[in-house]
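In what follows, chain A forms one complex with chain B and a second complex with chain C.
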Partner chain A sequence: MSSKTLVSLCRKNSSATPRRTLATVSPSIPVSHQKPKIKPTLLTSIILNRSPILTPTPTPFERAYYSYQARLRRALSNPFPYDFYFKQGSILETRFTLEERRRERISFGRQFGIADDLDAEKAAANKAAAEQLAEQEGERDELMPRVHPSDEARDYKSLDRKGRRNLYLLLEAKEGVWRFPQGDVKKGELLHQSAQRDLLAECGERMDTWIVSRNPVGHYKLPKKSSTAKDEIAFFYKAHILAGQVQPNLETVKDFAWLTKQEIESRVPQHYWFGVKDILSDH
Partner chain B sequence: MPLPRQPTELGRFGRAPYIRRRLPADIRRKLPRPPVNLRTREYAPCRLGDHYHSTLADNLMYMNYTHTVESSLPPKPDREIRLRWDPANPYSKYRKNEPVGGKRFAEMATEPNTPANIIRLEAVQMHIMIKEAITSRMHLLGVIAALRALSGETEAGGGALAKGVKGVEIVRGKKQVGGWIRSGVPVGAKVTLKGSAMYDLIACLTEFVLPRLREFHGIPMAAPVSGPNAYLPASSNAVKPSDVTGVVSFGLPPEAMSYWPQIEVNQDAYPRMYGMHLHFITNAVGVGAQERARALVSGFQIPFLRKS
Partner chain C sequence: MTSFLASSSRELVAPRIIYTQIRCYARKQTGMDPKQDIIRRAIYPGNIRNKPTPTGTWRPDVEKALQRSIPSVQAHETIERAWLLHKRHIRKRREAELERKFECMKRAMEELARIDSQLYYEANKPENPRARTDEEASLIRTLKGSEAKTLDARIRGLFPRELRPPTDTPSRNGWKYDYKPFYRPL
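After this line comes the complex of A and B, so read on.
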C-alpha cells in the first residue's frame, strides 16, 4: 500500500515540482522547534608534575631480601680475575684487595676475609697506601642526605622537597580556592594549544615544561555557580616540569605549592578531589 | 641441637644452620652439591626500574591510549587477514597452520591498551660480529672477553641464570652466502640481559658512552613510510616486519667500546675494539609497535634523530 501511495503522491506532485528520481526521494523531515541546547564552556587545566628525583626507600622486608640475595650472589660468584684487571703489586690492587676482604667480612662473618701470610708491618703499610690513594681521589666525600632542608623547613614552594614522591603544582586562586592551573579555550583554538597557552599565562615562562600528549588525561564538570549559569567542563592535560620554577601571575593567582597526592586532598574542595584523584600517582 | 642464632639486624645473617646430613659431592668440582637449584634474584634496588614504574609506565599508558566512544552496537570484528585453519574444511584439513607472515604480519591489530599490557622492556641484547672469526676462531676470544666484562655474565656465575638468560653465547652463521659466510661457522657472540642487569647496562650506555661519542646527535631513524616526510609514496605500503615487532636496534662504532667503564679500566687487555649491535626487546607487537618501542627507549634518555 505504502509504495503505491508514494508513487501516486509523486505523480500528483510532479506537475508542481521537478520530478525526483528514486535515489534522491526522501520523506520530508519535520523541522523541530526546540531551542538549541546551550553548549558548555570549556576550560583546560594542566596537571604539572615533578617526577621523583630519588629512589624509594626499601622497606625492612626489601632490605633483608636484598641483603640475603647479595650474599648468595657473592657466595656463588666466580673468582675475580685480579691478573686481568690489575698490575701485580700495584697500590690499586692492594686497595681493591683490602676493600674486598672488608666486604667478605661484612657478608659472611669475622672468620672470612682475613689476610693470610702477611706480617703486621707490611699490612699497616698497605693500609696507609690505600687510604692515601682514596683520599687523593676524593673518595672520602660523604653521601648527600635523602631528606632535603626544604623538607625540614616545610617549604612547599621548593622543587627539591619530597624527592621520593611525585609532586604536583597547585595554585591558590584569588577567591582563596586551591586548584590546578587552568584557563579558557579561545574560539577556534584546539584544546592542547589552549593548555599550553593557559599554563604559560598562569605560571610564567621561566620554566621548561613538556605536555605529555595532545589528548586530555581526564575531565571534570565544575559545580554550577547559579541555576541559570552555563555548564563548565575542565579538560586535564598532564605535563612535566624539566627545569626552572613557577612564577605565578598575580592577577589571578595568590599562591602556589608543590604537593603530593595526599597533601592535595587536604587543600582542594571535596568535589574537585573526587574529579582529580584518579589522575594523580600514588608513587 | 643448637638453634640457628637470630640476626641482630635485618642486613646480616645469623649463624649458619646446623647441617644434619652431608650433602652429595659434585665429583667434577669437588664441592658439595646444594639440594635445590640456587638462583639469585634482584640483590639491590634498581634506579631505572623504579623510574619506569613511577614515571614512564604512567606516561606510556597515557600517550598510547586510543579512545573509543562507547556504543550500544556490538564492536566491529577485526578484519580476517587470511583463512583461519579449520579441521572441518576439507581444503585446510591436511594443510599446515602456518603463522601469519610477510606483509600480513605487519597488519596485525594491536591489543587494546590496558594497565596490564603497558609497553615494557623485556630484554637488552648485545651482539658483536667479527668477520675474521670465519678464518680463525681465535679472534672470538677478545669478543667473548669484552662481552663478559660488559655484561658481568660468566659461565654459571651467581648461581643458575634467570629464564631466558644464557650468559655469553656464540653466534653461528645461518645461511651459506658465497664470499661472505657459511652456515654453522662461529662468527660472533651475543649476550642477553634482563632485569636489573639490563637497566644497569642502559645506565652505563646513557651516562658514560653516548655523551662521549663524537659527532653523535641521536640514534638515526629511517624517514616514516607515510605522512608528509615519507620517503616512499603512500601507495607502496612498504611496511617491514621490523616495524611491528617492537624491537629497537642500533649499532655502536668500535670507538664507543673504549667509553664503557668496564672496558676503559684495562683497554690494553683487549686485542682491539669492536663495534656492536644493541637490541632493545619490548613486548609491543602490531601496528605502530616501533613508535611505541622508541617512545619507551627514549624514556631511558636514549635520543632518537629523524633523518629528513
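After this line comes the complex of A and C, so read on.
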C-alpha cells in the first residue's frame, strides 16, 4: 500500500539525519563578556505552575481518526477466542456477548452484531443478568464532570479551574500592578534558595511547592526608576504547586489569581509581558 | 489486502504433504475434557498458513467488514496523510515552544555568568540525589520515624511523587486545599 511506503519513507528520513537536541542546535547569541561596572541588584521571582489535571480533549478530527482506526483493527484482527476466556453459559459470557454485539453494530452498521438466538424472552433475561452483574461490580458509579463549578463562576482563586490548562500564580502588588511573586537576594544566599524564601514570604507556607532546578528559566531587566538608580534584574525560577493554597502576605501583596497564559497577557504591563511570555507554556 | 477489494473468491489449496509431516497438537481428541480441548486450541493454533495474517485466520465476514470500514483506497491514503500532517503541526508547535523556553533559559544563564560568576557556578552544579545536606542531617535526628521518611521522600533533582499525571476525569475530592506545611530545608 502506498500509505505504508509513505510511512516507511518518513521513518527512513528520521534515522538518516538524527535530530539534534536544543543545546547543540540553538545559535549562540553574541554576549558582551565584559562585567558590568556597577553590580546590578539581583531579584528572584517564581513562576508557580499548577500542571494540568485533565488530559486534553481530542479534536473532532482526532476522534474521527481514532474510531476509523479502531474499525479497521476490528475488521482485520483474529476472531476472539471467547470460549477460552469465558466459561460457557456464565453471566460474564452473556455480558461480553451483549457488549461485543453492540460494539460490532457501532463499528460496522446494523447488518453486523446480530444475535443468533432471537428469542425475545431469552434476550431480556440476558440483559437483566448483565445489568445485575454491573450493579454488583459497582460500575454504575458516576464519573466527575470535566468542567468544574469554578469554571462557570470564573473563580480566579480556585485551583480546580481550567483542568486541562497550565495555571500560573500572579500577585497584585501594592501599586495595582500584577506580577509574579518576587523578592530580593540576601548576601551569601544562592539564587534558588532565595527564590524559595521569597515565595514563602509573599505567598505563605500553606502550600506544597517544588522548585524544579537550580537553574533560572529566564530573566527580566526591570525598567530603571531613574537614570542614576542601580540596574535591577529578576531571575525566574520554575516551581510546581502540589497541594494547598496561597495565603498572601498582606503587607506586600493585595490580591492573587491563578491564571492561564492568555489571561496573564491581559493583566500584566506590556514591557513585563514581553520579558516573560516565552517562559510560559502555551497550553 | 487489495485482494479483498478486488475479488471475494479464493481457493483453499492445502498440499497433502503438510498433514503427514507436522504433528497437529491442536487436533481434536475424542473422549477428552472439552476444557482441555479449548486450552489446547488456544495454546497451539493451527499450523496451516493459507492467509496473509501471522496466525492465518481472519474473521469469517472479513471482506464485508473491510468494505464497510474503508471508503476507497484514495480515501484511506488521504486520511493517513491528513493524520500525519496533523501530528506534524502538533510536533512543530511543541518544538517551537520548547525552543523558546530553552532560549530564555540560555540567555538567563549567560546574563548570570556575566553578572556574578560564583552564583553562576553554584547554579550549574549538578544535584546529587543521594546527598544529605548538613542541615537535613541535623534535622532528621530530631524527627519521628514517619516524619523522617517524609523528609527523605523528596529527592533533589527528581520529580516528586505528588506531581500526578493528568487523568480523563478529575478526582472526587478535587484539589487538596488543606495542606499541613512540612518544613524542608533547601
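As a convention for this text, the second predicted complex is superposed on the first by the 245 of 283 C-alpha atoms of A that agree within 3 Å, B and C clash if a C-alpha of one lies under 4 Å from a C-alpha of the other, contacts with A are read in each partner's own complex, and residues count from 1 in each chain.
Rule of thumb we're sticking to: a contact is a pair of C-beta atoms (placed from the backbone, for glycine too) under 8 Å apart; a residue touches a chain by one contact, two chains touch by 3 or more.
Quick caveat: nothing in here was measured; it's all calculated off a predicted structure.
Contacts of A:P52 after superposition: both chain B and chain C are touched. In the superposed model, A:S281 lies in contact with both chain B and chain C. Of the two partner chains placed by the overlay, only chain C lies in contact with A:Q193; chain B stays clear of it. For chain A, the partner touching the most residues, choosing from chain B and chain C, is C. In the superposed pair of complexes, A:S67 makes contact with chain B only, with no contact to chain C. Within the superposed three-chain model, A:L250 lies out of touch with both chain B and chain C [touch as defined at top]. Residue contacts after overlaying the shared chain place A:R206 against chain C, while chain B stays out of touching range. Of the two partner chains placed around the shared chain by superposition, neither chain B nor chain C is touched by A:I38. In the superposition on chain A, A:N78 makes contact with both chain B and chain C. Residue contacts after overlaying the shared chain place A:A120 against neither chain B nor chain C.
Note: residues 51-52, 55, 62, 65, 68, 71-72, 76-78, 84, 108-109, 213, 215, 217, 281 of chain A belong to the chain B contact set and to the chain C contact set alike, using the contact criterion stated above. For chain A in complex with chain B, the touching residues are 51-52, 55-56, 58, 60, 62-73, 76-78, 84-85, 108-109, 166, 212-213, 215, 217, 238, 281, 283.
Interface of chain C with chain A (complex): residues 1-2, 38-39, 41-42, 53, 55, 57-62, 64-66, 68-70, 73, 76-77, 79-84, 86, 93, 97-112, 114-116, 119, 122-125, 127, 154, 157, 160, 162-164, 166-172, 174-179, 181-182, 186. The touching residues of chain A, counted against chain C in their complex, run 1-3, 6-7, 10, 22-23, 26, 29, 31-36, 39-40, 42, 51-55, 61-62, 65, 68, 71-72, 74-79, 81, 83-84, 107-109, 111-112, 143-146, 148, 158-160, 163-164, 190-193, 196, 205-208, 210-211, 213-219, 233, 235-236, 240, 242-245, 278-279, 281-282.
Within the complex formed with chain A, the residues of chain B that make contact are 10-13, 38, 40-45, 47, 50-51, 53-55, 58-59, 62-63, 65, 67, 154-159, 265-266, 269.
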